[in-house]
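In the part that follows, the structures are each spelled out as structure tokens.
Both complexes shown next keep chain A, but they swap its partner, so chain B is in the first and chain C is in the second.
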Partner chain A sequence: MSKAYKTGWFDRKGWSDIIIGLPYVWLVALFLLPFLIVVAMSVATKTPTAPPFSFGGDYPLLNWEGYERVFSDGLYLRAFLTSVVNAAAAMLLCLIVGYPMALGLVRVAPAWRNILLMLVILPFWTSFLLRVYAWMGLMGKNSWFNKLLTDWWNFVVPVDWAVNSIPMMHTNFAVVLVMVYTYLPFMILPLYASLERLDTTLDEAALDLGSRPHQVFFDITLPQSVPGIIAGGMLVFIPAAGELVIPTLVGNSASPMIGRVISDEFNQARDWPMASAVAVALLVLMVVPTMLYSHFQAKSGGAK
Partner chain B sequence: MNRRPVFLITMLCFGFAFFYIPILSMIVYSFNESRLATVWGGFSTKWYVSLFSNRQVIAALILSLKIALISATVATILGTMAGIALARFRKFRGRVLFSGLVTAPLIMPEVITGISSLMFFILLADWIGWPGQRGFTTVTLAHITFSMVFVTTVVQSRMVQADQAIEEAAMDLGSRPWQVLFDVTLPVIFPAIMSGWLLAFTISLDDVVITAFTTGPGATTLPLLIWSKVKLGVTPDVNALATLMVLVVGLGVVLAGILMSRADRRRDADARLAYQANE
Partner chain C sequence: MPAAQAEPFLRIEGVSKKFGSFTAVSDVSLTVEKGEIFALLGGSGCGKTTLLRMLAGFEDLSAGRIFLDGKDMAGVPPWLRPVHMMFQSYALFPHMTVETNIAYGLKHEPISKAAKQDRVREMLDLVQLTQFAARKPHQISGGQRQRVALARALARQPKLLLLDEPLAALDKKLREHTQFELMSIQQRTGVTFMVVTHDQEEAMTLADRIAVMDKGQVKQVGTPTDIYEFPNSRFVAGFIGSITSFEASVKGRDGDHLVLDVPALGAVQARDVPGLVEGQAVTLALRPEKLRITKNRPDATNVVEGQVKDLAYFGKDSLYRITLPSGELVQAHAVNANRGEDAARADWDDRVFLSFDPASAIVLAE
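So, the complex of A and B:
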């Protein structure tokens, strides 16, 4: 009885088995198993059969060719580099735009705060695809936005540099811009959460002791919000690095990002082993290190 | 301290302009007479008319809603179970693997989830003859899998905050386990379950990548239909569709906000009354 008292109703026999078992079995069957198939597939050999692979009967049962190509073929290396650069640029810009916004949200009058927070979240509820699409309309050659930018450009630069329109679509610039647009709420919300908890009496104390406002910011506010920066950075970087929709719609197909490469290897080249090898490489090279970094940063931050 | 708010408020204005100008521009151009989606040619509502008479769009919308309703409901049931398990069962065999399985889909790049699910379904069809054709069922299964972990996250964090002593008190007072579950635990975490369901519903309704990989002939969801149109460039009827979606979502969010703040106020009033009665 004392054990039941300690742990509650949910430890009764039968109940706990169902409550743990059902989601467990579901995730193992429909997430873990498919993922293990990818890992296994990455060392299979491509064949012209359907499904297009085999674990060859020849001596090296495992075929490491996919991984060798990931690290030797310029196509894959460039794709990785493009992904890292684009995702890092999107993350930094999100931080630069999102940090003052989050701080502003903390500082505005509470009556405004909930409305403004709702306005930050609202685009998140509208379709992701349509938010990307909205920028396709703005960046096109004949759009009012492009014309506005072109006029401004022609006004600012010497006459020789004048252009008819600014080529924005199908560039990495467009990819980064749209990523910032779609992922900005993911940066603002964790930053807001960590800034909201800060003790403002510390700011006042520092001001009383003679700190300038910018010193207060760099010495007190910024260091305390590092967990929020890391959480937000991770929430932007990881999906941005593996992004498929944005580069497909507004990106430069001559320098694809890694998500596009995986999708093309799979759908167009029908090379399952190669697509799987690139997918595993994406996880090992980018996702796992980001997770580990944020995990240890969060830990060391918590220890302080 | 005095100068900073000016800068912050400027940045807020800039940020909200950045958020909303593209959407407003899209709304304005949905009333554009011209077929060229980016050149203004006068006011017209003809794209809305053509949208409502487009059977493909209506069918895709119905399919999307069906998939979202089923997958959100199943995902909420499974996700809530997983959330309860992680928050309340301290030790069970395979807990480490289980909590890993609940986190991994959150950070897995969509492309990888997409190809892994597709390979899984193709190989499964090869091994046991099911699923014979990909479509409604396979998309729903994939949606349940990646949206249930969002429900788990929401429910788990609510469960951790909730006071476990109430459950123990009910046990002490002689409630049977299922009574504790239905009378105490579920009412306490109900708001989390609701927001989990809503999250799962919108994630399913919005998904492009995983749906594109797991669907088959004849099962085109609304995002997939938009995707195939948008890949060809900007078209005015997509502007109209987008405007309607923004309108529905905006109204829904505002309505939910009003209802929630009203419920909050009522709860506060009830709490005050209860407090006064006890004095």
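So, the complex of A and C:
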């Protein structure tokens, strides 16, 4: 009875339809429609008009040239490969750095937990660009940080290998480093959420049954945190693979990532159909792991 | 008795545990024999679980020593102790099947794969879960989960099995059945059981001996009969079963009986308790089932008159609450041995006589 009273207004007069429907309207208007426009553009033909593409008329109705080039032109394939390798490296490093941090957050005294959790999120309060510029400052040839590393390197290695500075800027290393720094919270937070739910009595039970602490970690903690690892991995991998700003600012322009290629096709080459084709290909590349994840979730869903 | 000279199987010697300024366990000494079911009984916060965790190796001792089978357990980590625990929540691994849960303890054992499989099969058989071996813990019932937890803890053949509130998570009907099952498994395996419980009935039925704990201290150790019939303190008498207690003082001795002056009842004869002196203030405790209710004055040593204030009819028996002339209330149990209307049975507001044997009266100095 009381439930009917509480939810009565919600069920009445289609309120529930509106509230549930609004996000769908939002998604259709601001995601699905633009995406369909991009898909349509990807099969258009580049023209010297404004906007710089057309269908039909003097041109073919459907032009598959963009997709053909995506899969035949080495530039695009290399860009895809660079993106996937950089994003995968960033994801793995985020996991390696983030897992102990997430585990620490869970195991630390509750009084400390919120403070440390806030410190993880704190960088978001500063402008993203400012933080990338800070890294550029650190990695630059004349920075104190680079000098320190150079001095250390020259001290450790034989004289023949001595360098004037460590080449960090405009390398894939710099891209991965800054991406790890930027996306680390996206790895830590889902990991923290999944580790925090785990029952620590299970750890005690495993200890009691003859497992040493490191065995308990691999037998009990790690397998149970797989959903968190997958969620965090995707939250890092997907934006990292399409990242534009970081590779543009600190990356090597000779081996661009796919985001940079899309941007250049749109803005420099003004080849919108080509840019759209690359964007659609990137989306497909990202959708496959997402679908695999959903499949995995649905399969293990019954276990919780 | 040469047996008494031998080193007991488990010896807890002056064990204390402090958390900051709070003393959870205070100077506890106990011995447990091999193959015994020993219960630690007490309310929440009495230190029984802390003591259990110290035996498992999860908590360090602030003072004292624990010897298991003659070996000092100090500094032995949980994974090297021949002690296993059945957790109150069972703590089954949710990502493993029933079978892999049970096999988990054997994972790091230096025995052959075939021997491990045999042991797991034997355990599945012992707890009658062979057909559920491939299920995950969330796919079986609460009672089955409890049996998996038991099998998992027994698979490594511990010297001592610790059971933390083993029946608390089961419903009442299942609990009675499981109680007997636990006892039969204990007899078949011969493993020494240490059970922690807050449920006196559970402790009484399961255990060979019980230690009643309060505020970190052991109040009394004994068989269920000892604890129930011969409690040594007001706390134990009140904790186990129900009692009605009266202020009293020792008046003197009459033959082998103690004569008490009880303001609410008059002069009462009770079984003599050595060491009591004349004039000493004591407590007289009466258990409801030891009191007889009659409508006519019976020929008994201790008789007191009263009036039925309340009565609860349970079928097989009735619980009476009787007002004494002094205004105090006494609880008395009467078995309804005769069927139907019974003229001799006391009813609401009836004048009745309560009587009890001197041997039934519990005299407590503490």
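We adopt the following convention: the second predicted complex is superposed on the first by the 262 of 304 C-alpha atoms of A that agree within 3 Å, B and C clash if a C-alpha of one lies under 4 Å from a C-alpha of the other, contacts with A are read in each partner's own complex, and residues count from 1 in each chain.
By definition in this document, contacts are C-beta pairs under 8 Å (C-beta built on N, C-alpha and C of every residue); 3 or more make two chains touch, one makes a residue touch a chain.
Quick caveat, the model's predicted, so the values are computed rather than measured.
Enquirer: Should the superposition on chain A be reported as showing a clash between chain B and chain C, or a fit?
Expert: Verdict on chain A: chain B and chain C fit.
Enquirer: Identify the partner contact of A:Val157: answer first if only chain B is touched, second if only chain C is, both if each is, neither if none is.
Expert: The answer is neither, since A:Val157 touches no partner chain.
Enquirer: So in the superposed three-chain picture, is A:Ile238 touching just chain B, just chain C, both, or none of them (first/second/both/neither)?
Expert: After superposition on chain A, A:Ile238 lies in contact with chain B alone.
Enquirer: Between chain B and chain C, which one contacts more residues of chain A in the superposed model?
Expert: B
Enquirer: Check whether A:Leu207 is in contact with chain B, with chain C, with both or with neither, and answer first, second, both or neither.
Expert: Touch partners of A:Leu207: chain B and chain C.
Enquirer: Using the superposed model, determine the angle chain B, chain A, chain C defined by their C-alpha centres, to the nearest 10 degrees.
Expert: Vertex chain A, arms to chain B and chain C: 80 degrees.
Enquirer: Looking at the overlay, what does A:Leu222 touch: chain B (first), chain C (second), both, or neither?
Expert: Touch partners of A:Leu222: none, neither chain B nor chain C.
Enquirer: So, does A:Trp135 touch the first partner chain B, the second partner chain C, both, or neither?
Expert: Only chain B; A:Trp135 stays clear of chain C.
Enquirer: Mind working out whether A:Leu30 is in touch with chain B, chain C, both or neither, as first, second, both or neither?
Expert: In the superposition, A:Leu30 touches chain B alone.
Enquirer: Touch check for A:Val85: first (chain B), second (chain C), both, or neither?
Expert: In the superposed model, A:Val85 contacts neither chain B nor chain C.
Enquirer: Look at A:Ser127 in the shared chain and tell me whether it touches chain B only, chain C only, both, or neither; answer first, second, both or neither.
Expert: first
Enquirer: Just to confirm the value: shortest Cα separation between chain B and chain C in the superposed three-chain model, in whole Å.
Expert: Superposed model gives a least chain B-chain C C-alpha distance of 10 Å.
Enquirer: By the touch definition above, which chain A residues appear in both interfaces, chain B in one complex and chain C in the other?
Expert: Common interface on chain A, chain B vs chain C: 207.
Enquirer: In the complex of these two chains, what residues of chain A are touching chain B?
Expert: Per the touch definition, chain A meets chain B at residues 4-5, 7-12, 15-16, 18-20, 22-24, 26-28, 30-35, 37-38, 41, 51, 97-98, 100-101, 103-105, 107-108, 116, 118-123, 125-138, 140-145, 181, 184, 203, 207, 213, 216-217, 238-239, 241-245, 248-249, 259, 262-263, 266, 272, 275-276, 279, 282-283, 287, 291.
Enquirer: Touching residues of chain C toward chain A in the complex: what are they?
Expert: 56-58, 77-80, 83-85, 87, 89, 91-95, 104-105, 107-109, 136, 138, 152-153, 156
Enquirer: How about chain B: which of its residues touch chain A in the complex?
Expert: Listed in rising order, the residues of chain B that touch chain A are 1, 3-5, 7-9, 11-12, 14-16, 18-23, 25-26, 29, 36-39, 78-79, 81-82, 84-85, 88-90, 92, 94, 98, 101-102, 104-105, 107-120, 122-123, 126, 141-142, 144-146, 148-149, 152, 164, 167-168, 171-172, 175-178, 180-181, 185, 202, 205-206, 208-209, 223, 226-227, 230-231, 233-234, 238-239, 241-242, 245-246, 249-250, 252-253, 257.
Enquirer: Can you list the residues on chain A that touch chain C in the complex?
Expert: Those residues of chain A that touch chain C are 199, 201-202, 204-212, 215, 219-220, 223-224, 302-304.
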